[in-house]
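Residue numbering begins at 1 within each chain, and the chains themselves are lettered A, B, C and D in the order written.
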Amino acid sequence: MPEMTPAELRARLATALPAALVEAEPLAITPPPAHGPQPGLFNPPDPLVRPDYLVSAALWVRDTLGYAYLSDIAVVDYLYAGCFELVYRFYHPTGGSSVVLRVRVPRDEPVVPSLTPHWPAANFHEREAFDLFGVEFTGHPFLRRIYMWDEFEGFPMRKDFPRQGDKYLGGESEG
Amino acid sequence: MLQTQELQVNIGPQHPSTHGVFRMLVTVDGETVVDLKPVFGYLHRNHEQIAEANSYLQNMPYTDRLDYFNSMANNHAYAMAVERLAGIEVPERAEYIRVLMVELTRILNHASAVGFMINDMGAWQTPLAFGMREREKILDLFEMASGARLMCNYFRFGGVVRDLPPEFIPNLRELLRALPAYIDELERLLRDNEILLQRAIGIGILPPEVALSYGVSGPVLRGSGIPYDVRKAEPYSVYDRFDFDVPIGKVGDVYDRFLVRIEEMRQSKRIIEQVLEQLPDAKGGHINPKARQNVRPPVGDAYARIESPKGELGFYLVSDGSTKPYRYKVRAPSFINLTPLADMCRGYKVADIVVILGSIDIVMGEVDR
Amino acid sequence: MTASPFEIEIPRGRVIEVQRDDTRVRWGGGLLRGMAVVWKHWKESFKLNRSYSQIHGTFTIEYPEEQPRIPEAYRNMPILLYDDETGHELCTSCFQCERICPPQVIHMTQAKDPATGKPVPAVAEFIIEYDACMSCGFCAEVCPFDAIKMDHEFELSTDDHTRLTVHKEQLLRPISYYAKIAPTMWAEVRESALKKLQGNVRRRPDVIGLAPQLTEKIAARRAELAAQAVQAAQAAAAAPAAPAAAPAEGRKLTPEEKAAKLAAIRAAKTAQAGESATPAEAAPAPPSPAPAGEAAPSADKAAKLAAIRAANAAKKAAAGEAPATLPVAPADGMAGDTPADAPPAAPPADKAARLAAIRAANAAKKQQSGDGS
Amino acid sequence: MYDMLTALINGALGWGWPEWALNLLSYILIVTIVLVVAPLQMLFFTYYERRVIARMQDRVGPNRVGPEGIWQPIADGVKMFTKEDIVPQAADRIVHFLAPCVVVAPTVLMFAVVPWGPGMVPVDLPTGLLFFFAISSISAVGLMMAGWASNNKFSLLGAMRAVAQMVSYEIPAVLSLIAIVIIVGSLSINEIIAYQAGLIISNRDLPGVPDLGLGWFVFTPVGFVAFVAFFIAALAEGERTPFDIPEADSEIVAGYMTEYSGMKFGLFYLAQYVLNFLLCAITAIIFFGGWQGPGVGWLYAQGITPANPNGNGLFNVLAGILGVFYFLLKTYIFFFVMVWLRGAFPRLRIDQLMDFGWKFLIPWTLANLFSAALWVAFTRWGPAEGMLITVGWSPVLRWLAAFVVTLAINLGVYLWLTRVYAASQAERRRAELEELSAAA
């Protein structure tokens, strides 16, 4: 059961793919409250990868480290910090804890290279991320909405998506 | 030459064997599948968005609705994620009760999953009815403990709602006497059945390398011959205290997945027996943490996963320091296990599609979220 | 597929490969074995067998004739509890359940003391939308007063959707009901719940927080007592030395008695005040409570009547006819709460009456304070 | 049967009606009886099936409408009648309407040759068996019409499957019956039943066997194989599990019935259950002696028969009651077996069904045909026909020799065929896999 701490992963990634790493700056998730206890900054220890190098970093994790099981791709919308964070989680088929790669892309232009052509496991994860967050995955063979209908406007999991309102209720009768 | 034309058939969204509102856009040449596109989202309710508007505890009953067959497993994964995020300790007895409940869930899920798969093959409900009988008994037990049969909502951060009622353990012991008889009978009924063999062997083959690259998990992955079980690979809760085996398949076809499920029921029964042996008495700690109604974890993120009966169920939570999760992501096993469906079905007959789908064992509540 | 490339060691257990033996030549024996299994089920199914350790025999429940055995912990829909003896609701409207409810289907308003306008630990209206309730049981779990519990009744189907928005009157069940359906669960919390209830009852003025189911009974009883008290007060007025309405000592007071005592004391006060005034002014004192006393069976009608009268009196008082108002005070105590107990059958009338009563009470209060100073 | 009615009306009641009126009356009477009996059987079968299969699944089954739910089929019928009849917009309306009629009509016609008891056959055709199977294949046309007219892909798939299945399974069905026809030497259903008098051994094969009405064909190796093969083929004809592929609800919704609702749907159901009844009945008739049973033959001999016009009519009635009882008992037992199979098995795939039919059943029944010929040769042929081995053998020895030889042949063929079939299946699977991996 291989175990790898985020620091180890970062060190190995720094030697293998030095250009891929970005220094992560701590994020403020919400605007700091005017009074009361400050919530603190979000600063995960996992390596943050430059979007252009995501595919090579992920394939390096798979082929060199042997973490061949892509378990999860989670998108987090940090509205206040103005970025999306994509959390790629890999496991080793013999067991052990995960290794995580993080990618941050600006909110106004969320474009990430797709893993799907190299790693089909990413297919539905990426389609889900596209559907709910509007993250564009370049190179994905079938990047269509997966949950919402194709004509749907907006990305419902974004933090600035209106939680209430009936903008979409009348859609069907019009069309 | 006659002019031939490929036929496009919509299997679903309203179809008897799509296990919910699931649509497969199938291109068939005669009866042979040329291409298949899974289309879903008919049950999409933006579960994650709802969860981000709720407090941590309020989400617990919503997780029940993900995979409504295995609400206990969903509860477990979510409770673990929040406990990791907030650093909550769970008393030992509660851990054992959790394991007990999740293993019972596994048995009931596999019993009905096998039944549904055989139903898709065209059996007129009999294996399903036998499975449902055991399921009912387990649901009775769940009802005793949690108050509900399906939407159990039984786990809390740092424990469970309430201790097992006194009549629970005797009834469970009775049930454990029935389980081997049920599993043996199911094997007698189906294992050597020539019709089932014809329908299951060599159908929907998913080779191990392909299975891994598709990121499938649970019995589908193990059926393909990869002994990856989260309970063993990254033991959580108290799973490192039990002896149990991991069954794997040889070829990765429908028959392997079917056999793996049957064997997993036996292993779950083994775990339950060990739980009953090791279960600490009630003095071990207060297992209903009423005080933890308003969890306010520090800023950070946490991912917790369990081996749910359908595969790896994970919850990814990001906390911004408030009482509501900032991000709540479900890694749903049914959803990811659908990824290779098109590849598994290509080249087989229309009748095989439903069997392959049945052998993946999906629940639309979880796929669509 | 021969050797799997994934040779994986597993702690505490083995990796076992399933037995396929799919190369064997088969002659149909598997089919016959399957048929034998089904035959056995068919043969045994004529016996009823619901044992957990058996896999044969019919295990279905013939539902309408035969009720399913429901475990204690079963939760269906939330209900509110009230004390059998005193009729006091356990709910103090602390809003815990409303806050925790995941689908947000619980709505409540806190009761206010009509005299002071301050909130009291009791609930004025409590609504649960049963149609949207997800039966998670959080409300019962968080309730610090054990006032909200999960019912076992599951036959809730109706053709009238609005009936699934359930109000306090339909939600209330006596404690004895809950103790019957969940004896051990109630036994665990009984002590603390009743103790908390005692504490809350002390802070509830008058009849606030009483189960509306009991109001007919209580109203009748109270009217009777009030009538007695007024008579006693009159007697006391005749011989001012005696605080005639002294209660019977040494036993717990039921709320009716308590209210009656209060009324009696007020009446006595009025009588005393009236004595200092002219007899003509004192004269209206008896008639006001009297209608309530006479019309005990149709208590709420009487109450409405009383309320209207009180309102009229209050109006008069507002117009400056001071002398007539004082005696109204004891009556409006009655008028102020009885309409609240009136069944929701006639909501507008009910509301009007309540409004009038409140107005009357306010006017009377003003008058009283003016007089007292 | 008609002569008996004529005798009853004119003789017993003494009305002295003219011939044509008597004929008209008795034909109308019998047609009415048949037309009433057919739907009643269907109603009973739906109830029977649901109850039996429920018991197999540890349930109780429908028991709400009437005592033990016996009025359930009536309630279902009322529901069918009152439901809206929906015709899809894109459907061919006329064909859509005609299809259920075309499906139902042949099943009712098939009743014409079914003998219910001794002397109780509506029409005793000399070619009754041929008529039966010729008529039964007409319904395939109706199914195709239904599938085509519905303009639904599931319907079309279902109809294609239905027709393919019916056409290919008629061959083994007929081949297995031909074996019996060879032995009996007649296509008349009455003859076939009459042949099965005896006790274990038919008294036509072995004269002198006491007639207890138990000389059924199923007790001979030829008859047994023919019975098994025919019953399997009948399952396919009647679209019963494991061959309910045309209406495989988990795959193609309801097959050709998908777009039907209300009473048209009910008619398909009627046709199907009536067909099932008839197939069970014909199995009982051909292999299990039909109305033959202890006592029927003797009773009937006392009654009014063409051979014995001075018999007592009461015995006719008694023999009829007993014969109908035996006949229905056997039929219902076969339907129970059908339900039992439905309770126990999943269904095959269409190509596997075809494989099984063409590669297993047909060779097997062909071999059985050969055995049947040997049976006749051993039991009946003499030197005149060129059968010189059996010269001088006693009838018992001849029967025994026939039994042993046919048993050996049938068993050997069966074992050999399972092996060959398994090998061919494995080969096919391998080829398919190769094709799949080549495609990938």
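Points to keep in mind about this one:
By definition in this document, a residue touches a chain if its C-beta (ideal position, glycine included) is under 8 Å from a C-beta of that chain, and two chains touch if they have at least 3 such contacts.
This is a predicted model, so every value here is computed, not measured.
If each chain is reduced to the average of its C-alpha atoms, the one that sits nearest the average of all protein C-alpha atoms is B.
Averaging C-alpha coordinates per chain places the centre of chain A 65 Å away from that of chain D. Chain geometry summary: the mean Cα position of chain A and that of chain B are 25 Å apart.
Centroid to centroid, with C-alpha atoms defining each point, chain B and chain C lie 41 Å apart. With each centre defined as the average position of its C-alpha atoms, the distance from chain C to chain D rounds to 68 Å. Touching of two or more other chains is recorded for residues 6, 8, 26, 28, 31, 34, 37-38, 41, 59 of chain C. Counting partner chains per residue, chain D has residues 56-59, 343-345 touching two or more of them. In chain B, the residues that touch at least two other chains are 126, 130, 133, 189, 193, 195-196, 201, 212, 226, 228, 232. Taken as a contact graph, the chains fit none of the simple arrangements: neither line, ring, star nor complete graph. Every pair of chains meeting the contact definition is listed here: A-B, A-C, B-C, B-D, C-D. Of all the residues in chain B, the ones that touch chain D in their complex are 7-9, 15-17, 31, 118-126, 129-130, 133, 189, 193, 195-196, 198-199, 201-202, 205, 343, 346-347, 349-354.
Contact residues of chain A toward chain B in the complex are 1, 29-30, 39-42, 44, 68-72, 74-77, 87, 89, 91, 93-98, 119-125, 128, 132, 145-149, 156-157, 161, 163. Here chain C touches chain A in the complex through residues 6, 8-9, going by the rule given at the top. Note for the complex: chain A touches chain C at residues 93-95. Those residues of chain D that touch chain B in the shared complex are 53, 56-59, 153-154, 157, 241-242, 244-245, 248-253, 342-352, 425, 429, 432-433, 435-436, 439-440.
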